Amino acid sequence: MRQHQIVLEIATRGTGFVEITRQVDGALAEAGIGQGLVTLFIQHTSASLTIQENADPDVMRDMTNALERLAPRDPSLYRHTTEGPDDMPAHIRSALTDVSLTIPVRDGRLALGTWQGVFVCEHRAQPHRRRVVVHVLGE
Amino acid sequence: MRQHQIVLEIATRGTGFVEITRQVDGALAEAGIGQGLVTLFIQHTSASLTIQENADPDVMRDMTNALERLAPRDPSLYRHTTEGPDDMPAHIRSALTDVSLTIPVRDGRLALGTWQGVFVCEHRAQPHRRRVVVHVLGE
Amino acid sequence: MRQHQIVLEIATRGTGFVEITRQVDGALAEAGIGQGLVTLFIQHTSASLTIQENADPDVMRDMTNALERLAPRDPSLYRHTTEGPDDMPAHIRSALTDVSLTIPVRDGRLALGTWQGVFVCEHRAQPHRRRVVVHVLGE
């Protein structure tokens, strides 16, 4: 049983989704395992992870709008406003999506479905650099 | 440390929840480990996983209605409508629940609480066959 | 590769968040691994887990209010009301947050970001004792 761990630094472009499937595949290839688990963990509370359809970019635009409806950027709703009107909604949107994800490895590949891609969700308005720990375990 | 991996094919009956605890228990029994981790991963973006109360079926009916309020089937809200009015809400409901779950194994059994069951959440209107990867690791 | 497993019993004070980062650090220290994974699993369906900012307590108050807006304690919305008006909303809030979390271990420490803390989310009105399984794997 082997372990391999790297940290990805992902540049976001403000609110929206950045696909990182290729980078996760790269970490898995470096580890060289046939069967096991890939665990992703984002080290932030105003950005998160999700697995979603990567075929039609409208899906991720609609997802951004849905999160805006669920946790609006309306300062009258929040006490925590010192870091800007987009900060508290970003924490809520992070809690509604994922801070960690675990993907099985089969035959040396991520066991993703045909349309699944791994995304970093930037919930702040401005671009940021986000750190994602990729941990590979298996043999 | 041993690994064991299978893929469950779960037939859903349209929007709602299908309990799969028994099938996950079966995969764990095949692996024959005493302590470790069971990781579940669903290979879809319009169906998802959750762990919820399996005692009162009203809980899962109320849950379905709650997801309908959070991500309504209202085409005026979405651009991605080519796959039907239930597709984009299904992606959002999937993002709000779980694509992967990890359950510890203690004394050869899933460490579920008394009332916890594992469910596939079908978010599309029509029945589908859904694939869930079950990965068992431990010794 | 070593495993170590304990169960934390966390006393909550009714609806709100209880930070358990220190207890999870303690379980990791007992296991004495340098690299690996810590998996947390809560054995309940009306309380859950989340990782959030632990610097400003207003964040967790705003989070509680956001969950109240997303899954209101309004009995007219639910059929499952026999366990009290706060029970079904608690199940929904649990489904929207996390039942399991996996955190990588780097250099013998949880790979949390600077502001991240691990919390038990109590969704019921009354105080409860909640069980969280902590599973440490690595070497």
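Note that the chains are named A, B and C in the order they appear, and that numbering of residues resets to 1 at the start of each chain.
The criterion applied here is as follows: contacts are C-beta pairs under 8 Å (C-beta built on N, C-alpha and C of every residue); 3 or more make two chains touch, one makes a residue touch a chain.
Labels paired with UniProt names: A, B, C = Secondary thiamine-phosphate synthase enzyme.
Given the structure is predicted, the values throughout are model-derived calculations rather than measurements.
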If every chain is a node and each touching pair gets an edge, what shape is that graph: line, ring, star, complete or other?
complete
Are the interface residues of chain A and chain B largely the same numbers on each copy, more than half shared, or largely different?
different
Note to self: chain A rotates onto chain C (CA fit) by an angle, in degrees and to the nearest 5, of 120
The distance between the C-alpha centres of chain A and chain B, rounded to whole Å, is 20
Numbers and ranges of chain C residues touching at least 2 other chains
1, 70, 96, 98, 102, 137
Flag every residue of chain B that touches chain A in the complex, lowest number first.
1, 3, 5, 39, 41-45, 70-71, 77-80, 82, 88, 91-92, 94-96, 98-100, 102, 131, 133, 135, 137
Give the list of chain B residues in touch with chain C in this complex.
1, 35-37, 50-53, 56, 58-59, 61-63, 65-66, 69-70, 96-98, 101-104, 106, 111-116, 137-139
